[in-house]
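There are two complexes below, and they share subunit A, which is joined by subunit B in the first and by subunit C in the second.
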Partner chain A sequence: MPQLGADMAAGRLVAWYKQPGDAVKKGDIIAEVDTDKGAIDVEVFTSGVVEKILVQPGEKVPVGTPLAIILEAGEGPTPSPPTPAAPPAPAGERQRVSPVARKVAAELGVELASVRGTGPGGAVTRADVERAAARQPTPATPTAPPPAPPAPPGEADRRARMRQAIAAAVTRSKRDIPHFYLSTTIDLHRATTWLGEQNATRPVADRLLAGALFLKAVALALRDVPELNARWEGPKVVRSDAIHVGVATFLREGGLVAPALHDTDRLSLDDLMRKLRDLVNRARQGELRSSELSDPTITVTSLGEQGVETVYGVIYPPQVAIVGFGKIVERPWSLGGQVVSRPLVTATLSADHRVTDGHRGGLFLAAVDARLQEPSRL
Partner chain B sequence: MRKDEIRSRVLTILSTIAPEADLSRLKPDVPFRDQLDVDSMDMLNFVIAIDQELHVAIPETEYAKVATLNACVDHVSAMLASRG
Partner chain C sequence: MTRITYRDAVRSALREALASDSRVFLMGEDVGRYGGAYAVSRGLLEEFGPERIRDTPLSESAFLGAGIGAALGGMRPIVEVMTVNFSLLALDQVVNNAATLRHMSGGQLSVPLVVRMATGAGRQLAAQHSHSLEGWYAHIPGIRVLTPATVADAYGMLLAALREPDPVFIFEHALLYPVEGDFDPASGVADIAHAAVRRAGTEATVIAYGGSVGKALQAADQLAAAGVEVEVLDLRTLRPLDDETILTSVRKTRRAVIVDEAWRTGSLAAEVSARITEGAFYDLDAPVARVCSAEVPIPYAKHLEDAALPQPAGIVTTVRELLGTTRG
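And then the complex of A and B:
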């Protein structure tokens, strides 16, 4: 059961999309689990063949519990007692099978001709049959029906559980993380002018939002100050090689999630916008993937559309920083000795003082500002 | 296309964007943003859907013209009528 956020302790398996014997590759969706953040598609993190399912639909298990066994290429089946293999029966010779093995094979639906015997003279033993049974796919019609999944929780119940999960996460954050806060005002004249020009010539479906520029600017600024792109793991900080910005997204039924926009810094603005739109829509429809909840290395939140000018975010553990953007407001701005009207936004950084300090945080915000002054290079 | 048909199509689009909303209580002259829990992503999805389903592309500078139900219906109707 994957950890899909600091606030998750357990999850309930809803359905399997793969069965024993099915080939899977990294990134495939293998199952659906129900969490306090909604139904999440679980991806596999390795390629291979599903050998065995360990948790049945309806079961609720703690984070970290193995859900299934996947054999990677070249990997043998689940280890069994080392038994020297006896030579197979010579061709044309009748296969030797112990009476018990024959009975068990019939019960388990194992084709004896496919079983290699390890008993005396190559005889097929009960253990040979049981090992063969463990390797073969689950029958299409199981002898006993799996337990019925529990009825989906009511919407009010889900809202309450999500609120409790968020409460646990932010309480932990405020208890364990010594936050410090920095803010800066950014002149968005170039960014909004460029955005307007772009959107005037683009098809409706290809238009960009200011939020896409903010996300890309943050992602690129993290290349300049990589210590903010990290996870706090016990007494040490583990920097992330990849930049997966979490996008704080409000949910209509209440609560919020911050799924990752994978490899944010490597996406073109067009790709970033397409993926952002898809991510937000799926988040609101409850169709997120497990990696999207477990992978963010920093979070960006924007409350400008609610009229908020300055956001003091709470870090989502084990991340070490959250960046906030407020409302874009037209204000007087001094430029070259002249007072001009400019679209301004307040960008804030909440960061973990165990990991970094104000100096590095200031450099980071300056880097975000610098990136937004060159929107065509985002 | 008649205005009542445009209104029905716009309401259908809104129901997919804000499925939790009770659109029977939507005030036709009050901006969507003031009565529905919608953000800029929702508004983008809204104008994309109008473009795809009603074949009217709303320029970004004219989003204010589709900010309420009545304004949206009037604007889309006028755009369609202008094409003859």
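And then the complex of A and C:
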């Protein structure tokens, strides 16, 4: 079961698209999984033949549970699936945990070994687990939303669970990540002029949007300041070679997702635009692929369409930065002693101070600005 | 709404049943001229005559068997056995006849028999008059076992029992007869299928029946004074047990204490405990606890009798143990 977001602890397998004996290749969609953020197509990361299906449709399993066994070419059948190792028993006396406390701890992602029991004989009770969940400084596993009802959730349920999933992620982010915030105003005269020229000769369906320029500029700026393109795998940061920008996308029924535009820095603007449209459409129709949810290395959020000038985002763990763009506004701008009217945008950076600092953040925003001054090279 | 005693409530139900249905009659030891060992039937002989208020010889097997025969013949007999201790003499009639005839006749025979008897200790009547054996009866398929704990149930359960097509055993705790309670003369037939929440609470469920319900409520009062709100559940019907109400309450409070004046080993409390473990294990915050009588013949001496029986203080202590150190 892939982890499709920092806030995901478990997923329900909806359907298998491949059966034992079917050949699969890397990138194929093999199954559909229901998460708090919608139904997601699960891709396979290796090529081979499906040997055995381990999780049946309807089952809900924790993240990390093997879903199926795929034999790579030349591999013999495996005798039996590796069973997950039991957690090591604490040294000395076995910890007492009440049945309901154990159940709730699993649901809330609370590590029982760290919970002090107040029940009979020092047993951990449900109230102890709930208190620990509320206080937990650095959960070993992300806090999961309350258990889903066994029946397939209705739309209202789905919305409530999405809200709970977002709540868990942003709460963890604000609790664990020391955010710092920078902003800069960028002159978009060159960018919008170039965009106007480009779009004048294009059919409506192929027109480029300023948002595509922002995404590409961010992706290229990350090449200059790679430490922001990373994942915090506490206590250390792991930089990512690939640049997958997550695009914050609001959903019409409420809530949001930020699926990855894979290899954003290597896409031509036309490709980027096409993929962006496809990604947003699929996000709103609940047809995202698993890698799109698990892969973003940074997020870009734009609230310009809503008339917002400045947006300071909440970092989506385990990412270490989020970049915000407001609306493009015509404003007086001083240039060589002359006040002129220019299209301006405020770009912001929220970054994890454990990983980086204001100096590097400033360089990054300057790099975004510089890239947007050379639109033809984006 | 008036205040009457439990004894008067049973008598009111008897009088109403005798007056409204000519098939109903009462028989047992000393129920007529003496007015009943616990004075429940006082005045009924004068009111309804010796045909319908019948004194029997001291032979439980004979008069309980006679009740079965009368029921088979279309009557609605109410048999009073002086105490559950003496009812053992008639246990063969119960287990081998009353409880089996519907099944062994393929449904052709029906035994609409009502048997009432006193149970329980607390009156210094010594071991042979003080045991609580209703749990034994609750073991037997084919009969229904009721334990009215309130004035309203003492009245309404007897009327309900007379409407059942199969044998119903009603156990009246001897300490309850002089207890007063609210009574609505228009209340009619009581529900005999469900347990009742006598006091709502959140921290633990104290499950009791019959004479122990009042003790559970006293314990709940003491705990509430210390800020601990426990739920008190009155089982009311021991067979069939109302699993749904029991499990619903325990799932809410996550802890259960069962109070049963019978001995712990092989008790009804053991059965309730097992059902909670079977049905609500993953909702429990503590092992199910039981407060039962000491495993001795119930003593005569007052201080020893008190020590042998479940008491409110013991219920309070047990609830506190289940709460652990969460609450002082």
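In the analysis below, the second predicted complex is superposed on the first by the 304 of 378 C-alpha atoms of A that agree within 3 Å, B and C clash if a C-alpha of one lies under 4 Å from a C-alpha of the other, contacts with A are read in each partner's own complex, and residues count from 1 in each chain.
The rule is simple: contacts are C-beta pairs under 8 Å (C-beta built on N, C-alpha and C of every residue); 3 or more make two chains touch, one makes a residue touch a chain.
What you are looking at is a predicted structure, and each value in this text was computed from that prediction instead of being measured.
Touch criterion met: A:Glu305 reaches subunit B, while subunit C stays clear of it. Looking at the shared chain after the overlay, A:Val280 reaches subunit B, while subunit C stays out of its contact range. Of the two partner chains, subunit B is the only one touched by A:Arg207; subunit C is not.
By the touch criterion defined above, A:Gly234 reaches neither subunit B nor subunit C.
In the superposition on chain A, contact is made by A:Thr118 with subunit C only, not with subunit B. Those residues of subunit A lying in contact with subunit C across their complex are 98-103, 117-123, 125-127. Taken together, the subunit B residues at the contact with subunit A in this complex read 18-20, 37, 39-41, 44-45, 47-48, 51-52, 57-61. Interface residues of subunit A facing subunit B in the complex, by the touch rule stated above, are 196, 199-200, 203-205, 207, 209-211, 250, 252-253, 276-277, 280-281, 305. Taken in their complex, subunit C has these residues touching subunit A: 254, 281-287, 321-326.
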